Structure formats: structure tokens, C-alpha cells
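So that you can tell them apart, the chains are marked A, B, C, D and E in the order they are listed, and the count of residues begins at 1 in each.
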Amino acid sequence: MDWLQQLINGISLGSIYALIALGYTMVYGIIKLINFAHGDVFMLGAFIGFFAITRWEMGFIPALITAMILCAIIGVIIERVAYKRLRTATRIAALTTAIGVSFLIEYTMIFFRGATPEAYPQVLPKTTINILGANINSQTILILVVTITLMILLQFIVHKTKIGKAMRAVSHDADAAKLMGINVDNTISATFAIGSSLAGAAGVIFGSYYTRIDPLMGVLPGLKAFIAAVLGGIGSIPGAMVGGFILGIIETIVSAIGFSLWRDAAAFVILILILILRPAGLFGKNIREKV
Amino acid sequence: MTNPLVKLENVGIQFGGLKAVQKVNMYINKGELVGLIGPNGAGKTTTFNMLTGVYTPTEGEITFDGKSIKGFKPYQVTQSGISRTFQNIRLFKELTVLDNVKIANHHLANHSILSSIFRMPSHFKGESKMEQESIEFLKIFGLDVYKDELAKNLPYGMQRRLEIARALAAGPKLLLLDEPAAGMNPQETQDLMELIALIRKEFDLTILLIEHDMSLVMGICERIYVLDHGQLIAEGTPEEIRNNPKVIEAYLGEEVVK
Amino acid sequence: MLKVNNIDVYYGNIHALKNVSLEVNEGEIVTLIGANGAGKTTLLKTLSGLLKPKHGTILYNKQQIGGKPAQTIVKNGVIHVPEGRRVFANMTVEENLDLGAYLRKDRDGMKKDLNHVFELFPILKERRKQLAGTLSGGEQQMLAIGRAIMSKPKLLLLDEPSMGLAPLIVQQIFEIIQSINKEGTTILLVEQNAHMALSIADRAYVIETGKIVLSGKAKELQESEEVKAAYLGGI
Amino acid sequence: GCSGGSDGGDDSSSGDSGSSGGDSDVIKIGANLELTGSVASYGSSIKQGAELAIEEINANGGINGKQIKLVPVDNKSENAEAVSAAQRLVSQEKVDVMIGPATSGNVLATVQIANQNKIPMVTASGTAPNVTENEDGSINEYVFRTCFIDPFQGIIAANFATEELGVKNVAIFADNSSDYAKGLAAAFKEQIEANGGKVVAEAAYVADDTDFKASLTTLKSKNPEFIFIPGYYEEVGLIVKQARELGIDVPLMGADGWDSPKLVELAGAENLNNSFIINHYSSEDPDQKIQDFVKAFNDKYGESPNAFHALGYDTVYFIKDAIERAGSLDGEKIKDALAATKEISLVSGTFSVDEKHNAVKSATILEYVDGQQKFKTKIEP
Amino acid sequence: MKRSKAFWIYLAIAIVVYAVVQVMFMNGMLDIYYQNMLITICINVILAVSLHIVIGITGQFSIGHAGFMAVGAYISAICTMKLGLPFIVGIILAGIVAAIAGLLVGVPSLRLRGDYLAICTLGFAEIIRIVFLNVEYVGGAAGMVVNHATTWTYAFVAVVITIMVISNFTNSRHGRSCLAVREDEIAADAMGINITYYKVVAFVIGSLFAGVAGALYAHNFYIIQPTAFNFLKSFEILIYVVLGGLGSLSGSIIAAIFLTAVSQYLQAFPETRMIIYSIVLILVMLYRPSGLMGTKELKDVFKVKKRGGSEA
């Protein structure tokens, strides 16, 4: 029953990617910025959760909520301070700033607490369920449920609510959106708040699932999550989730057949193939510029 | 009559379910100035896009100068002698006026990358020839005073002219103008008409133009095609078109005719 | 209704509007004509809050709105149909229209207005589910006006609504402008098509390189030799 | 005993100072370390250890009456930066001795600078054999280390597996992004096969991975009786945890890269049962020196030391001992003194420097029992 | 005539700079630390300029430049260390093979635009790195020990050639075509420019010089390891180009020099090094989003000044 175990491994890895990718895709969707700092907000979320649990002695759920709220605030601050002025600048200037913000968060964190990792306390009850010879961790199921729930919630927000419509309008043409009476600044802030709180949630869940957190922990998952978002079609919420799962499963397969060192390469190969064959990703709409 | 310069036979294109253009048959003889009019969304720009290789027709055949150009990439179409302007101005905004024209002139020069990198004589010869020719074009359009200005800093009317100058610099036999008078006031439109007449003579051009300004279309076109819902509904001289009830109903409305 | 007093607007160092004053009374159609780059668009953008005046005041129903954020101005019923259509390209026609009614809460009224828009522009009804970005230029212009109607404008700012439209549609648009006006909406119309604009307007202003150079009754301006020479061409 | 904490400074001399550097009342120790970048935690740990040692030494009167000044320079965990950092230390800061980078790669990038400028360099954790010994068998004269070399630990682990645990079919799960882990894995494999055992499965991971389940599942299906996991505690903690979750309950073993109190927190005490670590020392060791170190470290930094901390600490004492014996700050003399080090007793064990400039020291094998390292056996080199 | 004058001026400046530095080495005013710093600056300038042609001139958003640098580094190291070829051959082969790598990467990926291209090039660079990580012939993770061969002369000559080639390319009909591609692909296409061809050409030239920089790098730092060429390295190069001003050759050169110097200076402040670096980066981007030089070149700045001066 190895393959079943591997499938479960893949899904549990993928759901973490998916969770981060959801926030990525939202932020990208609205201001077309590859927010490299997203992975670092994820890291901050993990640390906030850690402190909430160890210092302030909170339970898992309160810690999760605290991390989400604080990350939302951090996300809004980052946007207001660093990105807002650059809305009309070139994409590459914004991207460079995002790289700068990412470094700043990482190294400020290192400055205050060093680079050594921290171990998350065991907060989630853990039972291992054995199905057909495969071990499923109850946490895996929890993550899966959380990811899918959040995905549905987000999809609802973006497509059915007023703020969602405003988000999409702003993403296409901010000036025209203003003329509809939409408060563009608030809409963008709301997007960052939602995206960052998702990253925060992902951080706490990641921490309690894998136990290790450190100031640079956001770099790789951030990149992977971005790949997942692109795979699924950036801007598409179900796409981000499916992209996350696909990436998780592919990485698992590659490792399982003994090519674990090529795992990241495989992720990129898939990404490139998708981009070349279906540039808008699996769920994205490819709209050609009309001339 | 001799062979037409360009011929569209049963050309059509579909976007998803939408048949934007269907079964269009058109020809333009060498030296003619032909208009293409029709309601918004009729498929005029789409027809230009098919002619210039931006879209590949899903059916039909396009021949230019006796050869099929269907499936050509836009740059290949241009190199074989068709160039165009755009409905929404698409200049190289951050480049100078002169560079805009030189770029269009590009494919007429032939010094290689290596000769440029190593600054061989052919590079200097080629570049100075390009420079001279480009300035000539600018002079015709009264743009030579602006030659070192960035394109984005030109007044709108000048930008429209520059678009035409640039298209001409690509050395076309057939020039396609997509709403050249859009956004111009009547006075400017008048000037434009004179300009078109001038370059046509000067460069021995064949011109196909799209325009909603009837004063221009009726004033200078020798023959007019009318598209509606992707299909040709009329063809004829300005006089015939003006009085064609189908065209009046679909496009002109009563007022214009008066 | 609208009173603009001595405003100056800059783009960085470029002084785009110089000491501009104008007035629009309730129920009027006022048109602003002028050559390319004269500053017409700049003026409308300032009125709708996309740009901020450096000096001067803009009074709307006696309230200062100059420099206020766009959404506040929209809330007050000043609706701007921007130049170059600016429809939401990746959203459907229907979603675009919905966004026009972003600040509205009266569902019944919205439904009625939607039907009204579809009556005015039947092609939009046909293309309801199509993405706005793939519409032709003319269709997009109609959508932009339709979207503005959905915002229930009290004062409608129209920036070159006839640009790139077929003659028949231009006539229609001008008829629609008049009928919107009859229904009680005040209109400030910016146009290149001076003939048409002057023929439906009550009053007109002429702007040249950022300054108002002429103003008066539309009929009078239409007869004025100056205007004829500069803006009406030799027709 | 020699050096150690409390009674180190008051030896002989201190009168004259045949210093080569300009200012005569301080000894400058440059530290070219990974303080930012991908392995910042290693470099920072070494720096903390070194700072503690220097503080102690200075408090006790310094070396030959001179205070030590640490000049830390960041190499961003990059080869290129390591080179310029070394050059900076040598030509700008004019240091007397250098503490070398933490990773073998970065040490290799700087060995020629140490040699050419005759500034002795000691790495705390550059374990690759070719750090001190070139491919052609020549020795990098000015380069030393306080850590084990890779093959040593690999062989010990293999012998322990076959002899003490009596297993035959083993698996290896190595950190492939680290030459350290790869070196250990290679030596282990060779020795296991020499001992008549068999490597039934091999897998690898790279630093910063967090999910190892796919490879572990594959390893499990080959039914090994023992898994050797050379690597660093950051990943090993997660590997052990995930292995146990997947139902892998065979003995696991690693080397000094495992050593950190964090390992227990990361893996969970229970999961670590039935696993073994090769280390320089045991923090359980009642030896006063070790207990003093652990306490002093805890007092200063509020956490328990890991192997990098201990090695960084020892590196300073190793240098101090040599300078004292050299009686001069001349690079060549210090180098000779370092090379002549015999039986120096430090926190990470008692060691001598052999002709290849490697630290010859005993290794301790410890077993994790409910989160505590329990002494299992000691292996002499 | 005008152009060749510019060329001679350029050459004269280069010779003077070279001579001055050389003299300072000889009389010991610059020690090995500064020598190494100058070589590092040269390498970074080559990297910056070679990415400038891709991003600044052609507008193709590539953030995987370190991949081509890696190819150059490893190829040259193989040439000198394994095959015993002279260093200069190593440099040339490094450039050629990196250019071929650029071609192989460019042809499929340059069909993409903007951020998608960015992420695709990033992916390719990581794949290249992972390949080297897994090839034992070049030492895998442990890397390859490489003899020191890069001298100030090699580095400086390489910089001079790189700048000359790229600036000559830019100031020709070919460079203008690349600019057109940057400005508006659809319009460029309609003007008869084979946009794919020029994108690939620019990418190949960029990769070629990145390969040369890689060769100099490999032979300057004694060892090469795959981690040296990860995406952070690519970002570093990207930052030179963006900070200098997209489209400005002299801007990228100045930024590369400035940032290399700052980074070396900050070595002694490890705790705050990256914090300062990132704050500088963010501030420049916020207050000069088009980079230090914008699209201007150094000579434009002087021209304006001169004109202003004569009027006054």
C-alpha cells in the first residue's frame, strides 16, 4: 500500500503549499505584484503563533487567530509603507521592492532572535489512523479541511461579495474603479489583510505540523507556493489550491521513486511546462491583448 | 484588369463561438484608395488583424502581390510589404521620434549584428543611410523639428502623424490605416486628408483605411466596402454607398446622408 | 450646481490647467471644446477626484469637493465616464454594469436601470456574458456610458463619448445624452466633435492650452468666426 | 590540566611581546563566519561560542597579558564573500589568527589566503578532509580544525551498527547539500560493506527541506534494520519525527551535526528513543570543564549549547594554547605551535593535532533516552 | 564619425583607469583586499551589464541570470582543472556554452511575458543549479576547488569588452529593435521586427557575458559550489540593474560598483548588514522607482549640466 501512503504524503504536503498559495494568488491577482514578502509574513505568522502558545500560553485556536490578526495588520502596513507608492511604477520596481521587504523582514527577525530554529510545542492532538496499511496523521486531515474551507470561503468572498467585486475591479483598472465609487486604498488593504492573515494561518499550521520554524523558513515554501499559484493560474483561487496539491503530489512521487534531490527541479520543470503549454495556468483565463 | 494587389477570398475568423468575420471577399488594386466602414464591432479591425498576421483566419485565403500570406507572422507580413497604424496609438513611447521611424526602417537595412558590434564600415554606412531616410520621412510629416523628442511628449495629433510616418518608413506597398482621424477635430481631419493624398502620390501607395468620420471617407476614398456583423453588406463608390439603404440603416443613419 | 473657481492643476512640473473657472447649472448640458491636449480630460479628472487641484475651489451644490477622494464625489452623484472607455476588461459586460451600481443599495431601482441600459444599447444585452476587453471600441464606449447610468448620476461628466463611434451610434449617443438630460441629469460634455456637441448643448466653454478662452451660449459660439475657424473645420 | 576556564591566564612570561601586528596590547582574532545567508545559524553559533571563550579569557587576564579582540566578519554563507572577508581580515584588520568559516566549502575558498599571508586559520566545523590536505597529498600549512573529519565519524557509526547493534541491512538518508553529510555517508557505506553488512536503501534530502515522508516511505519499504542519518539537527529533528510517524521504529543514528538541545524539541523526546549520536562530548559528562561550559553558556545566552557552540568555544582555547606556547604573535610560530598541539583538553574532548592538521580526538556515542543523551560508549581514534 | 569618436574616448578612459589602478597595485597603495574588491566589482559589472541588455534594453524580465553564470563558472573550471586547458580558453568556452544555454532556455521561455517569464527563468536557473548539485564529476554539493587565475587585468579587459559589445549592439539598428520590443511587442512586430529573434539574441548575448563573469568568478574565489548560484544571486544581479535604472547602461554599472562596495563595507557589521542593505534598496525604490539614473546615461547627465552651465 505504498502508493496510498505516498498519495497521502503528497496531499498533506500539497495542502500546506495550497494554503500559502491562496494568499499569494489574492495579492498577485489584485496588484499584479509577486509579493516575495508573502513567505516572510508566513514566517512571522509561525513565530507569532509560537509566542502566543509558549509565552502567552494560548491554545491552538486562539494562537491561530492571534497570528492571523497580527499578520493581517503587518500585511497592511507593508502595503501602505512599501508598495502603495509604487502602484504606478513599473512592475519590476515593485518586485525589487518586494525582494527588499522580504530581506528586511528576514534579517530584522534574525537581528532580534538569531538564526537558530525554534521547535513548536505539541499543541494539536495527534492520533495516527491506519487505513489499508497507510498511516494518516490526524493533523493532515485537519490541514486538508482547513485548506478546503478557506478556499471555498475565499472563492465566495471574491466572487459573491461586494468587496470581492471591488477587488476584481481594482485589479483591472484602479482609476476606473475609483470612478465607480470604490475606495481603492481600502480595497487593496483588505486584500493584503486577507492574504496575509492566510499566510499567518499557514505559518501556525506549518509550525505545529512540522515543528521547525526559523527566520528563513518562508523562502522556500514561499517560492513553492508561488509556483503552485502559477500552476493553477495566478489569480484563480481554486487554481491555487489545485496547484498546491499537484505540486505536493508531484514532489512526493519524485522523491518516492528515489529522485528526492531532483524534487525542486521537478517542481520547476512542471512549472515551465505548464507555462509554455498553457501560459495562463490550469485555471487562468488567457486573454490576448486586443489590438 | 490586372491582378489586384491584395485579395481576400472567403476569409473568416471565429473567436470561441463568435464569428467575428465571415466569408469576406475583397480586393484592392494597385494604387487604389479604399475605405472600410461599418458599425462598431463589425469586424473591421479584425480584418486588418488578419491581413497583418496578428490573427490567422480560420477560413479563406489571403493573397498579396500574387502570393499567399495566410499564416505569416506580423513581421513577415510587414517585410513583404504591408504596414499599418493602430486604432489605439501604439508608438514606442519612451523612444525618440527619430528612433520610432528608424525602427520601422529596420528591415530595409542589412548590416549584421556582428558588423554593428565590431563597428565595421557596413555598420556606419547602414546606420547613416537609415538616419537620412528617417529624417526624410519626418520632414514630409512636419515632424523633423521634434526628432529628438520622446514620442510620448508629442501632442496627440502629432502622435497620430508619427504613427503614419512610422508605418510608411517600413516601406509598404499597401498601407492600412485604422481610424487615423479618431480624436481629431474637423480642422485637423482636413489636414490629415491632404496628407494622405500627398503620401499616396509621393510613395505610389495603395491604401485601405478604416474610419468613422464620413467627411474623410467620402472625401478621399475611391471605393468603399461596408462590413456589418462580420459580413460585407455593400461595395461601391462613395456615392453608391451613401445612397445604399442597407448601409444607411446599419451604419450611416438618416442624418449623415442629409 | 457646480462652480469651479480658479483652479490650477499640475502633472509634476507640467502646469496643465491654469486658473480655470466654470459653472454648470442644474439641468443644463454644458460642453467643453478644445484641441488635443488642451486640458479637457484633466479638468474632468479633477472634478471627479482623480486629480487634485493645487489652488482654487470646486463647489458642488455649495459643498467643496475639490481634492476630495473619488468615492466621496461619486457618492454625491458626480459620475465621470472616462476617456478611452476604461471598461474592466477581464470582467463580463454584466459585471461591469453591476460595478456601476457599486454604491447603490436599491435593488429594484438597479434592476430597472439595468433594463433601461439594455434598452438603450441592445448589443450589450446580446454580449452580456462576454468579457468587456474583447468588445469592439464602440461597444466598449456604450458599456462605459451604460455603466455610468447604473450609478444614477446627478451630474454626468462625459469625456469624448463619440470618439471612434459609427455615425449612427454617434447620433444615438447624442440622443441618449439628451434624453438622460431630460430625465433630470445635468451634463458636462467634453467633445472633439464640436458640431454635434454645440448643437445639443445649452452653453459652452472653449479651452486652449489649459486656459478657458471663450464661453457663452452654445448657439452663439457655433456662429462665432473664431470657433468656426479653429474647431469646426471648413465644412 | 591545561587551559580551561579559571586558571588559564597566569602562566609564565607576558613581559615581552614579539608581535607582528601594529598594536601590541591586543591580540586580534578574526572570525570569517556565516553570520547571514543560508547557514547563518552555524556561523552565529560558532561566534557565540567564541565570544564566550574570549570573555572568559579576557576576564582572566588575556593571553600573555594581552586582551583578545574578536573581529567578526560576515561572509554571507557565500564563497566569494568568504574570500573577500578573509582578505579584509588579513590586509585591513591585520589580524593575528583567523577563525575560519563554518562550512568546508567556504573554508576551502580561503585556505590559500591563509597560506599566502601566513596567518593561521582554524575552522571549527569544516570537516571535509581536503580542507587541510590537498588532493595531491600536500598539507595546507596554515589551516587547522577543531572538529572531526568526515570519514572518522562515518567509520565509527558503521562499526557501532555492526558490532554493537549487530545489524546487517542498513539504510542511509543523507543531506546531499552538505559535503559533511555526504562525506560521512560515503565513509559509512564503505565501512558497513567492509564489515559484511549491506546498504539496502539510500536516499537523500537537501537542507531546508521540511517534508521527508516520501523518501522515508520508500526507505521503509526496503525494511532496513538501522538507518544512518548524517546531517544537521534542523532537518534531522523533522526526519526522526516523520519516520516514527510513518511507523519506522528501527534504530536511527547520526553524528555531531545532530547535537543540539533543539533536536529533542523538534523530534519529540519519545520519537528519539532508540537513536544514537556520535559526539565530541556529552553534556551529561560530570567533567567540571564541561559542566562549567554548559552553565556559563546558559547564563550568557539563555539557551543550551549545541555542537557548533562548543566547537567555537574550543577553537578559541585551542588558539590561545598555541599562542601561549609560541610566545609570539608571529604567524609562522603560531602555526608551528598549533601543529604541535598535544593532548589538549577542551570541552569537545581531548585532542592532538596530527601531521595532516586534523584533530585527533576521541568520540563518544550517546543514546537518546526520553530526551536525555545517555553515555553509551567511548571510541578512541 | 561621431560614433567612432565616442569609441576612442571610451578606450582612452579605460586605458587610463587601468594604468592608474595598475600603478597603485605596484607601489602598494592598493593591497590584496582592494585588488580583490576591484575584481569583484568587475565581475559584478559584467553581470549587471549582461542582464541590462535583457531587462533594460529588451524588456524581458529575467530573474535567473545566476544560472548562466553557473554554467560559465563550471565550464571554465572543467576546462582548467579537469582538462588542463589555459584559463583564456576556459573563459571563451564558458561564454560560448553559457550562450548556448541561453539559447536553449530562451527559445521556449521567451514566448512568455512579464512575471511569467520571470518565474520561468528563475525556474530554469534553479534547474541548472540542481543539475550541478547532482553531478559528481563537478563535486556535487561540495563543489569544485579551482585554482586562482583571475587577475585584475583579465577582469578589467573583460569588463571593457563587455561594455563595448553591449553598448555597440544597443546603438545600432539591432539594439533599437530590442528597444522596440521592450516598448511594445505588438507594434514592433507590425513594424517588421522579428520579435522572437531579437529577444533570443539579447538573451544569448546576456548569457554569454554572464558565462564570462562566471569564469572569472570561478577562478577568483578558489572554489565553486552550486549554492553560490541560487536565486538570491540572481536577485542580486537584478537589483544592480533595477537600482541603476532600467535601460541605463551606465546606471547598471554605477549600481554594481556602488552596491559591491557597500556590501563589502558592511561585512564588518554582520548583524545589521542585510537590514541596511534592504532598507537602502527599499528607499531607493520608493523615492526613485525608475532607479538612480532612470533611463538616462551618464553622458546625458553631463550634457545637461554643460548646457545649463553655458547658459548661466
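We take it that contacts are C-beta pairs under 8 Å (C-beta built on N, C-alpha and C of every residue); 3 or more make two chains touch, one makes a residue touch a chain.
This is a predicted model, so every value here is computed, not measured.
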{"item": "Number of hops, chain C to chain D, where each hop joins two touching chains", "value": "2"}
{"item": "Between D-E and A-C, the pair joined by more C-beta contacts", "value": "D-E"}
{"item": "Of all other chains, the one whose Cα centre sits farthest from chain B", "value": "D"}
{"item": "Separation of mean Cα positions, chain E and chain B [Å, integer]", "value": "41"}
{"item": "Centroid spacing, where centroids are CA-atom means, of chain A and chain B in whole angstrom", "value": "48"}
{"item": "Chain A-chain E separation of Cα centroids, rounded to whole Å", "value": "32"}
{"item": "Separation of chain B from chain D, taking each centre as the mean of its C-alpha atoms, in whole Å", "value": "74"}
{"item": "Chain E residues counted as touching two or more neighbouring chains", "value": "133-134, 186, 271, 273-274"}
{"item": "Two or more partner chains touched - positions in chain D", "value": "36, 38, 176, 206"}
{"item": "Set of chain A residues in contact with two or more other chains", "value": "107, 110, 261, 264, 291"}
{"item": "Residue ranges of chain E touching chain A (in the complex, touch as defined)", "value": "55, 61, 108-109, 111-112, 114-116, 118-120, 122-124, 126-127, 130-131, 133-134, 186, 231, 235, 238-239, 242-243, 246, 271-275, 277-279, 281-282, 285-286, 289-291"}
{"item": "Touch list for chain A against partner chain E, complex", "value": "28, 32, 34, 82, 85-86, 89-97, 99-104, 106-108, 110-111, 223, 226-227, 230, 234, 261-262, 264-265, 268-269, 271-272, 275-276, 279, 289, 291"}
{"item": "Residue ranges of chain D in contact with chain A within the complex", "value": "36, 38, 40-41, 44-45, 176, 203-206, 208-211, 213-215, 217-218, 221, 234, 237-238, 241, 245-247, 262, 265-268"}
{"item": "Chain A residues touching chain D - in the complex, by the definition given at the top", "value": "2, 5-6, 9-10, 12-13, 107, 110, 114-119, 122, 128, 135, 137, 206, 210-212, 214, 216-217, 219-221, 251-258, 260-261, 263-264"}
{"item": "Complex interface listing, chain E residues touching chain B", "value": "3-4, 7, 165, 168-169, 172-177, 179-180, 183-184, 186-195, 201, 247, 295"}
